[in-house]
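The first chain written gets the first letter, and so on, giving A, B, C and D; residue counts start at 1 in each chain.
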Amino acid sequence: MNQVNVGVIGAGYWGPNLLRNFTELSNARVVALADLSDERLTHMKSRYPEVEMIKDYRDFFQMGVEAVVVATPPTSHFDIARDCLEHNLHVLVEKPLTLNSRDAQTLVDIAEARGLTLMVGHTFEYNAAVRALKEIIDSGELGQVYYINAVRLNLGLFQRKLNVLWDLAPHDISIMLYLLGQDPLTISAQGATCIFKDLHDVAYMHLAFPNNVVGHIHTSWLDPNKVRKITVVGSKKMAVYDDVEPLEKIKIYDKGVDAPPYTDTYGDFQLSYRYGDVVIPHIRFTEPLRLECQHFLECILEGKRPLSDGRDGLKVVRILEAAEQSLNNGGIQVAFAYQEEGEHERVAV
Amino acid sequence: MNQVNVGVIGAGYWGPNLLRNFTELSNARVVALADLSDERLTHMKSRYPEVEMIKDYRDFFQMGVEAVVVATPPTSHFDIARDCLEHNLHVLVEKPLTLNSRDAQTLVDIAEARGLTLMVGHTFEYNAAVRALKEIIDSGELGQVYYINAVRLNLGLFQRKLNVLWDLAPHDISIMLYLLGQDPLTISAQGATCIFKDLHDVAYMHLAFPNNVVGHIHTSWLDPNKVRKITVVGSKKMAVYDDVEPLEKIKIYDKGVDAPPYTDTYGDFQLSYRYGDVVIPHIRFTEPLRLECQHFLECILEGKRPLSDGRDGLKVVRILEAAEQSLNNGGIQVAFAYQEEGEHERVAV
Amino acid sequence: MNQVNVGVIGAGYWGPNLLRNFTELSNARVVALADLSDERLTHMKSRYPEVEMIKDYRDFFQMGVEAVVVATPPTSHFDIARDCLEHNLHVLVEKPLTLNSRDAQTLVDIAEARGLTLMVGHTFEYNAAVRALKEIIDSGELGQVYYINAVRLNLGLFQRKLNVLWDLAPHDISIMLYLLGQDPLTISAQGATCIFKDLHDVAYMHLAFPNNVVGHIHTSWLDPNKVRKITVVGSKKMAVYDDVEPLEKIKIYDKGVDAPPYTDTYGDFQLSYRYGDVVIPHIRFTEPLRLECQHFLECILEGKRPLSDGRDGLKVVRILEAAEQSLNNGGIQVAFAYQEEGEHERVAV
Amino acid sequence: MNQVNVGVIGAGYWGPNLLRNFTELSNARVVALADLSDERLTHMKSRYPEVEMIKDYRDFFQMGVEAVVVATPPTSHFDIARDCLEHNLHVLVEKPLTLNSRDAQTLVDIAEARGLTLMVGHTFEYNAAVRALKEIIDSGELGQVYYINAVRLNLGLFQRKLNVLWDLAPHDISIMLYLLGQDPLTISAQGATCIFKDLHDVAYMHLAFPNNVVGHIHTSWLDPNKVRKITVVGSKKMAVYDDVEPLEKIKIYDKGVDAPPYTDTYGDFQLSYRYGDVVIPHIRFTEPLRLECQHFLECILEGKRPLSDGRDGLKVVRILEAAEQSLNNGGIQVAFAYQEEGEHERVAV
């Protein structure tokens, strides 16, 4: 078997991008697209005449579909993904995996029990700039990472059953976990409810990692400018990843503060500041979603564990739950404990 | 009396700017500059031969000095300011006024008891762009203010007895209080201790104001870029004040989200996003410190209460204390209560 | 007849964009795509299964095609366009219309003799920002236009039989003629031949318009940055159109120099400089190529003269010829004379 | 002798900067400042009480002044400089040295006959970023330089007896000659006369250097934005020097176009485009004027020939004359011939 029969569920905002990518990958055959809207199906049919358009994804179960992509609103992720897993289909779910960790755990358990591929669409782990940043960090060029500051702002797109954390922060959480390679110890969050009194549209999330490393994420649906910026401050150098920049996405600053070897008295207090060159590495760009779709197919075909597998999706959901608990309790620190059971082989894409 | 005899204490980083401004103002006569360093005094003498250079500010008490400017390290603010007030001098103290609210209260009490002018150097309240921003807000152009996000980052200058909050946040706190015209209800803060384990060099501060208004301040001594940016999001428009921009300091965005009149069911959920023109108002710039110095002299000469008087300095110190309490206790919310005793006439500059 | 049968010739860089747009317009039916490369035809067939893929555009003449779009290399524009016109097809040719004015004149003559629509793809005349800029100029907001400076730079894409002027300047020439509504009196050009000794890859073009108005165009295939910027300086205000900016494409500066009423003696020389607000108008963006294709169809269906018709294409070719003559003769001024014969009804899109 | 007695002539726009620098240099003693305006003299006296304020610079001749700095309007440069040289004073003249080459030659001749230091204030040759750029070029990092494009724009400051070329282009001409180390073969210029019909306020200058190298300078007093940008395109890399950037003044782009070894047939035409890293070198900044003043003093004290000596000033004046001749004759190419008589030792600063 070297081609996977794929079904796409959801033809809203993101679904068409998934559909386009799978139709262009040689080891996939897109059998059908499911959506509740006749209008969207008609529109998509005119573009993809060879793809079957159906209203109920459950028809997939009789169409030879082997793998599904769930790009529906987050509230339906769990039911659809479980149903598909239980029908022995491999599943790629858009972020967030589910809206609570119990559901996420259920999905992980079913997938593992049945030996199915369960993957979550943490797209940024497949982004060339994020990967370049991880390589820079792992190479030791930045020294020890002190803190990561992430900002993700724009005007809209509001969701009604999901606050801004659940909508935007999965990106930054998955990036941070990917870059740091470790989980947070505690999480706290604060925010603002500007448009609807019961819905946070601005949120600040604070993550304490082991070894005194700190992460901070600022998300907003209510900002005049589109900002997607991640700053990594290390003991040797600093890096800024600005996703809004069309070309110069990563800047590495040879800047830092050097403390003296010992500083017990005030007189010893002499810091020196380093100001050196800035380097903007050339990054060869491939559409992240393309790599993500390709990776999903490869994991199915080769039985590999995805880079962003169900357990990662579960982890991000647990962090979001903790953040929400904090958000609703005056910003208290919530401990994060995630026990990985058993060993898993994880493969680089 | 229409000229004030001024003495400046401290010839370090900021003192020379104050000295220059007072020497250029016609209703001041700078009598003397006090500093512990012979080298600095010699250097300043070559520039200001007409100003007396002394090592001990207490000599001012015999020199006819009527008003002093305290530009020494913050740890000495309280002792020097109290001493000068008790010798019946008007006092302008650099920010932060003191390192705890008890001391700040003491200064306020002495000044009020003796009818002396006590002012704190919250320079940004005298900044043309901040004032333009306040006028825009007060005019109602932005509608109801939802939240203010402030970012103040750079590499250095570390202080050893003071964390980054006490060093950088006084600017943003005083700007927020000035713009909003009200005090926070609760304060919380989180941060990172990168260079020294006992000193926050990165801090995030969250302020809850009445009417659901939120303020957030991000300060850092450890960032590759110099950032000084304040975003004010209102129900009608949004404004960004970027102090690093040489000319286009304020941008007003005719952007926003309009909620439907009622939204009780999911079907009603229809937000519309407005995207309109951006206006960059021309701001006639005067050195803020010049206006601040001028205002100090006018308050002395005309018996007016300064815009940034001792009580404002005390308020900012109380907020910093609350923030520090939160910072040292896992980011808990700390209530802020400031009781203004009696009525005071406050005059616009 | 309210649908036009369209044939697209050329599936290289630009052809696929034209194909996509025509397939999405309701008053067009794309009958066939012609290209010499089997590989490209196969690729395009997978995307557009309903479109006939052929190697020789002359097959169009037996397929009921009524209108063709010529997106081949410029060297073949003339032969193909003439052939199609002589077979009574309406023709849209990519810029530049032809490589010399004699050929362009021939095309215009055939089209007019046969009552066919001949249009040239001066895309920027269909660009929302350029149109907004024209409205601003025509409204008088900028006052009298003094000069227009255009810069169009990037790295690549070199052509071998065409220098950078013929490749990039048609855009800026057509924009200038469109904005000013008049033709240049003289043209001169200078340049550099960096990569090939016989091919200008950098060129500066100077256009003198009536009433002392000046235009200048800087084009380059050899610049580290992509620049597409047009500055219009008027007697009242100034405007900058930066096509590389994703959102803030036009900035209107309320800036200027006011000369005194009379200045006959040196003592009278007192200019005042105005520095006012900057306004960034919100521009609702539609893909320019979409509007261009739509306009082509409308002109065919309603018998209207296109905004960028064959005569405009001819005019731009004449200006390029003059520029090249200057380029090869040390930058001498070359007079431009274009006689419009007869009156033509021209319609706004 | 290791201190020079300096007199400054002119307390207008630039004079005070020169005065400040000389007063802060240990090997200068500023004896006096001459200006026609009592008001300015009074103002300067309050700042520099130790400097003699006089109305007629000829008083210098009786005051022990050894070197003068001429910062008067350009129309008076020649008369004052000649007078001072003839009184055996060393002379530093602001740019442009004179308003015609005959006068410049006269100054050079007098200075050389009397063994006096004659220097012109081509400040950018003392600018750390320009020097860094020269080092980069000289190191061969950019490969062979193909062309240099310079842009120097702003709103104002108009001069009435001098067009924009004479005002702004001396900077870019001196930078180009400095960077390339060779003189142009021909010069041409075009422009616009917007505010006054007899005064160019916008000008484009084209310089053809040996070996097919091209320089182009765009100057304007009528642009909404302040631009000071120089692009150097080489066969290996490209560099941009943006003087308006506060910190990241130079960017080196590892970008380029590689032609195939032979290209005689169309089929061979295969260029490859390189896109590599961008490096922003850290430049330690010193005020250029400080270095310039210091260099003037050193040349006097050590008998060295200045980097920007009278002959350089003369050369720039000759280029400006040629440009003006072109400007007034439709942009014709004007040959530039400068014969350096004899050998001169020139010293790096």
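Convention: contacts are C-beta pairs under 8 Å (C-beta built on N, C-alpha and C of every residue); 3 or more make two chains touch, one makes a residue touch a chain.
Just so it is clear, the structure is predicted and the values come from calculations on it, not from any experiment.
Common neighbours of chain A and chain D under the contact rule above are B, C. The chain with its Cα centroid farthest from the Cα centroid of chain B is C.
In this assembly, the C-alpha centroid of chain A lies 43 Å from the C-alpha centroid of chain C. One finds 39 Å separating the Cα centroids of chain A and chain B.
Residue positions 275 of chain C each touch two or more of the other chains.
Taken together, the chain D residues at the contact with chain A in this complex read 248, 254, 275-282. On the side of chain D, the complex with chain B involves touching residues 49-50. In the complex of the two chains, the chain B residues touching chain A come out as 146-147, 149, 155-156, 158, 160-161, 186, 188, 190-197, 202, 204, 206, 212, 214, 216, 218, 220-225, 231, 233, 235, 238-240, 251, 253, 255-257, 259, 263, 266, 269, 271, 273, 275, 330-333.
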